[in-house]
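Here chain A shows up in two complexes: once beside chain B, once beside chain C.
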Partner chain A sequence: MKKNTSPAAGFIFSSIIYAAVVIFMAVDDLYISLGLIVAFAAGIITAVKTGFWQRALGSINDNTGKMTVLAGIFTLILPLLFLNNPYVIHIFTLACIYCIATLGLNIQVGSAGMVNFAQGAFFGVGAYVSALLDVHFGFPFWITLPAGMAAAGIMGLLMGLPTLKTREYHLSLVTIACAYISFLLVMNFKWTGGPDGIPDISKPVIFGMEIGQKITLGSITIPGVMTYCYMVLAFLALALIAARRLQNSWYGLAWNAIRDDEISSRCYGLSLTRSKLEAFAFGSIFAGAAGALYAHFIGFMSTENMSFQIGLLLVCMVILGGMDNLAGVLVGTLLLIIIPEKLRAFEDYRMLSYGLVLILMLIFRPEGILPSKPRMFNLTGRG
Partner chain B sequence: MSLVFLLHLKNSIMLGAQYSLIAIGFTLFFGALNVVVFCQGAFYILASFIAAGLLSLFMGAGSFGPVVFGCIVFAIFFLAMCLTGCVGMLVERSTIRPFRSAPLVMPILSTIAVGIVVEQLLKLFYPQGSNPQVFPEVFPDAGMMLGSLYVSAGELVILGTTIITFTGIYLFLSKTRLGSHIVAISQDFEAAHLMGINVDRAIYTTFFIGASLAAIAGFMNGIYYTVFRYDMGAMAGIKGFSASVVGGLGSVYGAVIGGFLMAFTETFAAAYIPGGSAIRDVFSFGILLLFLILRPSGIIGQNSLEKV
Partner chain C sequence: MLLQLNSVSTSYGKIKMLDKVCLSVDTGEVVCLLGSNGAGKSTTIKTILGMVKSNNGQILFDGQDIGKMKTYEVIRKGISVAPEGRRLFPRMTVEQNLEIGLAANQEDSAELKDRVYQLFPVLKDRVNQAAGTLSGGEQAMVAISRALMQKPKLLILDEPSFGLAPLLVEAFYNTIIEISRQGTTILLSEQNAGKALEVSDRGYVLQKGAIYASGTKQELMENDLVRKCYLG
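On to the complex of A and B.
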């Protein structure tokens, strides 16, 4: 691959964005937050008009390796900047948990072109299985997490079955129906706690240390969320690596082929059955992991967190960020979690603004904030 | 037959009429444009709000003679229906037409988003919008006995409206020029275009009719259950879509059959399966999944072979 841009533009660009995000997260006042959003929007428009935006994105695309390292360092530093503001770390952790779920959803919506509204249900399955095993049987987190992931994966496979004969609208309808069915069942079963939810879910323990416990090092107190945040970040890194490898593998190629043309990919010998089921299974495993992390983070799980609305919100995140682009998906998720948290005073208008943002995005920038790159193949065979 | 059974039968017919009307809308949209308009439920609930608002304004204005009262009530329903139909045309123009040649994901999402926006606007800007609303009682408190079953005036009106609407749709599609245009574009969009049919006008008409049908279903819901809430539209829309898929998407008869099938299943399962009423929606979605696995083309749909 030829490199024609220096990483400088990308470095400057990412640093500005990072500084903006940090300032935005640190600000508490509602009107300053609103002002900052306007200022960011103006800044982005100027950047696009002057051509800096395109140059910077090009530079980032050409230096993926360096930029990934930079983003990793930035992310690792972020919680440290908010040592005395645990609330911000809490929100950031939540956003990272949702990132894992949207990375999974991206497999179905972005890569394979199947709009799945049931990701919220898989999130719930992972959370509930993990929470129930923990509360009723006292299994440690390191057993309940894989159990939750496996349960979500099996649910995904099961939901994949009725979608095999369907496409497009019918497929979305199947996922909507499944989302409602699982919500109603969990709501009405006795052993799931019904509308009361499951309280008192324990925190994970690693090497005898409970994660999410306050740590005092001399004069510095590290808030409990901090340790959990770093654990979630580790899982997010694993999820990102897994998603990236899936995207670059035969699986990803097959999903893209199915998205672009089902009939011709079948003519070339792809098994639609297998590929679709794989997309559902892999995607829901991610959601299950996110759900389990969520349940143990909050310590409480109820049906509210697996409703159809959650599934819809996750789809919005993928669309906003950019389908089939991992960085885009992360950006979309962070935006849709952090901005509404900052504008809590307008809580009532949250769903309305989600709807409006979705319509505007679809009309004016259907490819999302960061559009997906076309696959590039060269002679060394690395895509 | 026992009275309880008859009551459930009446309930399911009332519910089935609503589902069928919504489902016909889905079928018409799908036939005309090959899109599924997920905001059909928003039309349904919007119409209830418009009608209830206008009716309570009018009933607060003073008392009238029975004939004048009846005429004005009818006019209000008609006005609310037309307004909803116009909203339907607006939705087509603003959020469906831009995606006519885009991937199918786009209209799915944009119409869902429109549904959310309408619902939230009602919740936030209608007075007391987030509370359940009472639908004004406009029909006299009288009725008749059918054997041992009491049928109220409102229910008779619902039955009559259902039959009239079904007949009207049938006549419109088969006998009128505009109706045959709609049938033509649903059979072959491009050929219809080439034959000189004004495609845009036919599509506008389709959306007007589809949204009006959802509006009628919304009135029925208000008249029969007397209480409605801003978030009831989404579920009604999804049930209507399910009904049209069970019946066979693209077929008007299928939509009617599917609507009643879903309503019967739901009502009787809730009534006769212990603990069933809390999870009644599970049964209707179960029917849907069963159909999608065993017969994805629906009761009346043909198996479609896609040509390359």
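On to the complex of A and C.
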């Protein structure tokens, strides 16, 4: 099946995109940002029209290994380019945290075909459990993080139960209800801080070093976000590996099967109950990890960050990027975090722009920026 | 008896679909289930699989009562089915479609795949093609192959020849005979009564949800009503 496309096209393409992203992040004038977006869109349209886009994507697909290394290097360098601009690193870190949540959501929305609007709630469960354990009991981050993940996983299982009897639109409605229930519960309980949220969440500590503290090395000052950013990148790498392995495993095959045809899946001995609950549990564990990372990053957690809006936003990211395509999910998440952040002056129109982007995407490219590839991984030889 | 239905009744809400159906399949047999549209063939199969629950009666498979089991548990007992309308996973490759068939049978797949490719050599060239892009005949082959991957004790085929050209139907039934010869018991649901009876040892005729006639191939072929209604 291997085609021998040279990696050159993919390399040039990725470099151009990377340069564009870096320039975009570095600019802080609103009108220049808008101009860049227009220029970028025009560039993409030209690339598609001239066939360069397809050639580049083909080249990337054929050289996955090299391209993964390249993307890794690009990502690692990115924070270093903004040593003097901690704000950009802050946004980038946030985007990476959301990437972990959308990788989880992709299991449900992309792989298993269950459009779940409650991922924001699972994100909140992870964040709140981790934050409460930290603030009230003083547990270190390395205990509160797994606790948050576990709690989110259990919540995912519990919320998965009422959705088992439902499908498609009805399932989405159930998840919306679940999102609102958890939001209102957290809002109204006393021990969660209610509408005031939880302040003063501590930063993680590794080998006695607090992550997120400024480090001064001679004349160079490394901003605090930088260290947190690299920690989040490490977690994102783990999340990516986990997501990739799940996708290629028997779980992933079963999820794709129930997405394509539930009756047929039952006919071949798949337990829909088990597969769906697994999708919910695994997906929520990702969200829980993202939530915990978020709470300790910002140092403050409130219900605003686990509302239905967040769930909606996460679904938008997955659909925009490309369902069931991990790279696509990452691209979608980065776009929807970074662009609105750059257009802060239009804050009031942010949701409007999400709506617009979604409508345009669904009309012109319903399969997302990077559509999912047919599964090529075979389970042959499984003992 | 491998499979036995003792006066099984099923209803969708208030509508009675099956009325005291008694049916049995012995190891090694090919048994066909005949009847026109809406006679209850598919409902019978769904009831056996536990997709529809029977109101009363008993369903025994291999001596065990499977009437209350969930579909995937029934499948794991050794029944596999090529469902009506094939229902392939269109976006997956042929090979992955086959691997889904392993859900109930966690054995090494290489040998099972070889067997399937021997039965349907065409599929070997189509391994990495998305199942949705295959022709109708090839899709029908994948549907049966997928069911065979489970090494079933009983293979249920629900209208396997639906939508196939007459010439293909002929070849297809030859393959069904071959599968049976290799030792798989088959329950075959068909509207094409002539063709189905040809390959079967015994048959049942369903009408309005009840068994209307039953007997060996010979008996059914000679039955006046069966001939008038189904054989033309």
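Just so we're on the same page, the second predicted complex is superposed on the first by the 375 of 383 C-alpha atoms of A that agree within 3 Å, B and C clash if a C-alpha of one lies under 4 Å from a C-alpha of the other, contacts with A are read in each partner's own complex, and residues count from 1 in each chain.
Going forward, contacts are C-beta pairs under 8 Å (C-beta built on N, C-alpha and C of every residue); 3 or more make two chains touch, one makes a residue touch a chain.
Remember, predicted model here, so these are calculated numbers, not experimental data.
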First (chain B), second (chain C), both or neither touched by A:Y354: first
Chain B versus chain C, judged by how many residues of chain A each one touches: B
First (chain B), second (chain C), both or neither touched by A:Y268: second
Touching partner for A:N256 - first (chain B), second (chain C), both, neither: second
Which superposed partner A:L161 touches (first chain B, second chain C, both, neither): first
Which of chain B and chain C A:T50 touches, first, second, both or neither: neither
Touched partner set for A:S15, first chain B, second chain C, both or neither: neither
Chain B versus chain C as contact partner of A:I319, first or second or both or neither: first
Touching both chain C and chain B, counted on chain A across the two superposed complexes: 263-264
Touching residues (chain side chain C, partner chain A) in the complex: 49, 51, 70-72, 75-76, 80-81, 83, 87-93, 95-96, 99-106, 108-110, 113, 128, 130, 146-147, 150
Chain B - residues contacting chain A, complex: 30, 36, 95, 98-99, 102-106, 108-110, 112-117, 119-121, 124, 238, 241-242, 245, 249, 275, 278-279, 281-282, 285-286, 288-289, 292-293, 296, 306, 308
In the complex, chain A residues that touch chain B: 109, 113, 115, 161-162, 165-166, 168-170, 172-174, 176-178, 180-181, 184-185, 187-188, 263-264, 312, 315, 319, 348-349, 351-352, 354-356, 358-359, 362-363, 366
For the chain A and chain C complex, residues of the former touching the latter: 1, 253-254, 256-257, 260-261, 263-272, 374-376, 378-383
